[in-house]
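Chain naming follows the written order as A, B, C and D, and within any one chain the residues start at number 1.
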Amino acid sequence: MISIQTADFAPDVEYQALRGEGEDTGAIVTFTGLVRDFGDRQGVTGLFLEHYPGMTEQAIQALIDQAHQRWQIQRTRVIHRVGNLDLGERIVFVGVASAHRKDAFAACEYLIDALKASVPLWKKERGTDGDHWVEQKASDRQPGF
Amino acid sequence: MISIQTADFAPDVEYQALRGEGEDTGAIVTFTGLVRDFGDRQGVTGLFLEHYPGMTEQAIQALIDQAHQRWQIQRTRVIHRVGNLDLGERIVFVGVASAHRKDAFAACEYLIDALKASVPLWKKERGTDGDHWVEQKASDRQPGF
Amino acid sequence: MSETTVTVLFFARLREELETDRLTLPVSPGDTVGDVLSRLAARGGRWAQLQGDQPVMIAVNQTMARPGTALSGDDEVAFFPPVTGG
Amino acid sequence: MSETTVTVLFFARLREELETDRLTLPVSPGDTVGDVLSRLAARGGRWAQLQGDQPVMIAVNQTMARPGTALSGDDEVAFFPPVTGG
């Protein structure tokens, strides 16, 4: 499940969806990203997030397909919020269910790393010294992109 | 927060506790382990979990102290259930909050790996061919323990 | 021969600085993304940054592309800064 | 001189197979965990496994220990199989 949405989401709803109906799931790993009060600069008061409707969802689906090829995983949920977000709000959720914990950890970390490197989403920090578009960190870059 | 308990726990309550009151948290990573229908053998119908009251909590606290030394993390929650558990039930929860996602992932995976290797907890599988105590996997062993 | 056009989209910092989120450009057979970039950069002013020092990412029909990618009529071309989601 | 004792605890498979979760044993000055293990194993039957092929983990006062660890009066000694939680 992939969703790009302005609305918030609920961790327990996502957990239930990842758990599924069967009894072959042994591990659920989730990552939640929050708006924090420092980023490129200090004094961040909120974020504005923009995406490329259509391509964003396709790019995330391609990452999920790759994760299914590389690891033994059962279900994934990726939610990314867009629009204006305040401090402390949830920005992004990546959840992976697997029979095995190592696959769940590896796939979850891969999905959020690859999302930051290659999915068309852009963050603008609103701050005490004005607004500015966040620059991509060298550590978030992927070779060949 | 460490809890060894027979009762279940709620992902959203744990999420809220990890989120904390401040606005410096950027990443929350959680691991949930579930009872699945195969383990050492096929046909698992449930688990019985035993612990060493007192030592179990101390051993988990020592792991959390080590995680705080190795990574920049803000809050942790470790919950492990004991007693009889049915298929699909939650067994264990490890949650880590950090300013940075890589620290949150690394500390969360470390805590569950080290817990499996070195914390006095034992699992008995109840199954269609009787009950048996689970053997420690070579991959879960830690040198020197 | 009827005119062939592509739609060009801009996102994030580029969208704001160019004060444009979408435009339609005529293209000729054999034109590449690089040709479109050159034509837009030649407008001067803020448009020059499309061939400046800062990296510009390219997508054609919602798939990552390069300046050498050839264009066809009705293609959707997008230019945007390196991504920063997550 | 009053008698000195330690409490010995067993967990999981050992607890079940020895049909014992706790017992009290006299110790002499200088006794180690290994001495206690030998004395218990000498009971024979299921107790022999305490010095058998399967690994037996040791804790003294709720901290991991080794056969060479020296014991004092009122120590809490625990024997258990390799852990399998999580």
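Note that a contact is a pair of C-beta atoms (placed from the backbone, for glycine too) under 8 Å apart; a residue touches a chain by one contact, two chains touch by 3 or more.
These are the chains along with the protein names UniProt gives them: A, B = Molybdopterin synthase catalytic subunit; C, D = Molybdopterin synthase sulfur carrier subunit.
Fair warning: this is a prediction, and the values are worked out from it, not measured in the lab.
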Chain at maximum distance from chain A, centres defined as averaged CA atoms: D
Intercentroid distance (Cα basis), chain B paired with chain A, Å: 23
Inter-centroid spacing, chain C versus chain A (mean Cα positions, whole Å): 27
Whole-Å separation of chain centres (CA-atom averages), chain A against chain D: 50
For chain B, residues contacting two or more additional chains: 33, 112
Full enumeration of touching chain pairs: A-B, A-C, B-D
Parts of chain B lying in touch with chain A, wherever the complex brings them together: 10-12, 15, 19, 23-38, 87-88, 99, 101, 104-105, 108-109, 112
Touch list for chain D against partner chain B, complex: 9, 11-13, 15-16, 57, 59, 62-64, 78, 80-86
Chain B - residues contacting chain D, complex: 33, 49-52, 54-55, 58, 80, 91-92, 112, 115-124, 133-136, 140-141, 145
